[in-house]
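Lettered A, B, C and D in written order, each chain numbered from 1.
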Amino acid sequence: MYVTLQQAQQAIEAAQSKAAEIGVPMNIAIVDSGANLMAFVRIDGAWLGSADIAMRKARTSRYFDMPSGELGKLSQPGGSLYNIEHSNGGIITFPGGIPIKDAQGEIIGAIGVSGSTVENDNLVAQAGVDAL
Amino acid sequence: MYVTLQQAQQAIEAAQSKAAEIGVPMNIAIVDSGANLMAFVRIDGAWLGSADIAMRKARTSRYFDMPSGELGKLSQPGGSLYNIEHSNGGIITFPGGIPIKDAQGEIIGAIGVSGSTVENDNLVAQAGVDAL
Amino acid sequence: MYVTLQQAQQAIEAAQSKAAEIGVPMNIAIVDSGANLMAFVRIDGAWLGSADIAMRKARTSRYFDMPSGELGKLSQPGGSLYNIEHSNGGIITFPGGIPIKDAQGEIIGAIGVSGSTVENDNLVAQAGVDAL
Amino acid sequence: MYVTLQQAQQAIEAAQSKAAEIGVPMNIAIVDSGANLMAFVRIDGAWLGSADIAMRKARTSRYFDMPSGELGKLSQPGGSLYNIEHSNGGIITFPGGIPIKDAQGEIIGAIGVSGSTVENDNLVAQAGVDAL
């Protein structure tokens, strides 16, 4: 029911490989099913400010059991969840956070990636999820 | 002048029933007339991140003595209360928070509900208010 | 692995009964194994400031898998964990928080009680734990 | 001048080995010379609340370029740095945080470990430092 450290590191390694492949230094965070930090790495040269964002994306994905970017579609001006970002001490609602599920489809944690365009962030996060 | 714990629990039970009826696990919070937390429940399986939002919706409704969603109409870009969400340590201005009144119409607290669409959140909050 | 809402409410009801028995209004909080709030009640007339303390005691007990008061023995001036209270956004290290275990002895959450002397707080928290 | 991710992971692996050797699950954090988080792991079963403490110990060690426990000797009641723990958003001044130096003796980061007694925390942190 909880992502293990071994799983977390497996996901981070896969995400690191993808980041290396596309040539962008990333911050990568994994939280468990209680939204508590499990593992984190900042690749050399990655933006300092993206460390916090990677952790918030991971938490956000577990807080609402969906990719962080899905929330962002609803939190725009005029949207039904406008300014939801003010909750939970500050959440991040653009892409780069994705829930992690076990073989039975139960959510056991989440990954958050930050350091490049949100497309790249999400690509790297997905590589981490796919490794499990 | 203050909602009692008995009233708070009565409202929460009615809200829980409505949540069960529509089949969506919710977070439900009640604050008193001082905007201080009185009671809270998270239904099994409800979003973790919605606990904080339910409490903020309840506080927001009592802070301004109106449904939380009314504020959201005024806090949009160009609106008269643009980004009021930054006040009070972070408020939530989409629907799901409703003031609770006594028989004389005086506000004695508020309910906040989060866990689904804002329409469902508001429906469940209203069920809680109607129980009193 | 997670305390359920039904268990949380059972623990709260037992704690409420004990609080009524000793005649002291209490704030009672339950967190799950991820240290996330599951349920909360403030008995009419209980100290407003104790709501936050009850929630922090519950979190603290789960953060370190021990009664909150055990930490306080080590966090005194000259103690090995002096001023640990500054961690995790502020923790509470006097008695009133106790882990909740399942039948196999695994910790599935924690209860936190605040509103009277720490002896009474702990007595009421223990009543909540014993109900499960 | 900055610890690299490779060095950070090398230190974490050595710390993990030492933690396994003494049989205590730990939280281990590495910050760079800017006191920004570089890498973090929570060993399965480690205290949830020690994640935050490990990160604070690492930051504290770099903030003041000394083992975290050295500060604690000066922050006691009557001491010259009484309650310095209130600074920097909350620092931790008991043992378990140690600066990391390069071959020339320049500080390039710090390690912070939390999850057991401060003696064990410090032992595991030292193992991480010694690996570099």
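As a working rule, a residue touches a chain if its C-beta (ideal position, glycine included) is under 8 Å from a C-beta of that chain, and two chains touch if they have at least 3 such contacts.
Labels paired with UniProt names: A, B, C, D = Heme-binding protein.
Please read all numbers here as calculations on a predicted model, not as lab measurements.
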{"item": "Same or different contact residues where chain B (Heme-binding protein) meets its copy chain A (Heme-binding protein), judged by the half mark", "value": "different"}
{"item": "Geometric centre distance via CA averages, chain C (Heme-binding protein)-chain A (Heme-binding protein), whole Å", "value": "31"}
{"item": "CA centroid of chain B (Heme-binding protein) to CA centroid of chain D (Heme-binding protein), Å", "value": "42"}
{"item": "Chain C (Heme-binding protein) and chain D (Heme-binding protein): spacing of chain centres that average the CA atoms, whole Å", "value": "29"}
{"item": "Per-residue multi-chain contacts in chain C (Heme-binding protein), two or more chains", "value": "2, 34-36"}
{"item": "Overall pattern in which the protein chains touch one another (line/ring/star/complete/other)", "value": "other"}
{"item": "Contacting residues of chain D (Heme-binding protein) [partner chain A (Heme-binding protein), same complex]", "value": "2, 4-5, 8-9, 34, 36-44, 48, 51"}
{"item": "Complex interface listing, chain A (Heme-binding protein) residues touching chain C (Heme-binding protein)", "value": "1-2, 32-36"}
{"item": "Residues of chain B (Heme-binding protein) defined as touching chain A (Heme-binding protein) within the complex", "value": "47-50, 52-53, 56, 72, 75-77, 83, 85-86, 90-94, 117-118"}
{"item": "Parts of chain A (Heme-binding protein) lying in touch with chain B (Heme-binding protein), wherever the complex brings them together", "value": "34-35, 59-60, 62-65, 77-78, 80-84, 86-89, 91"}
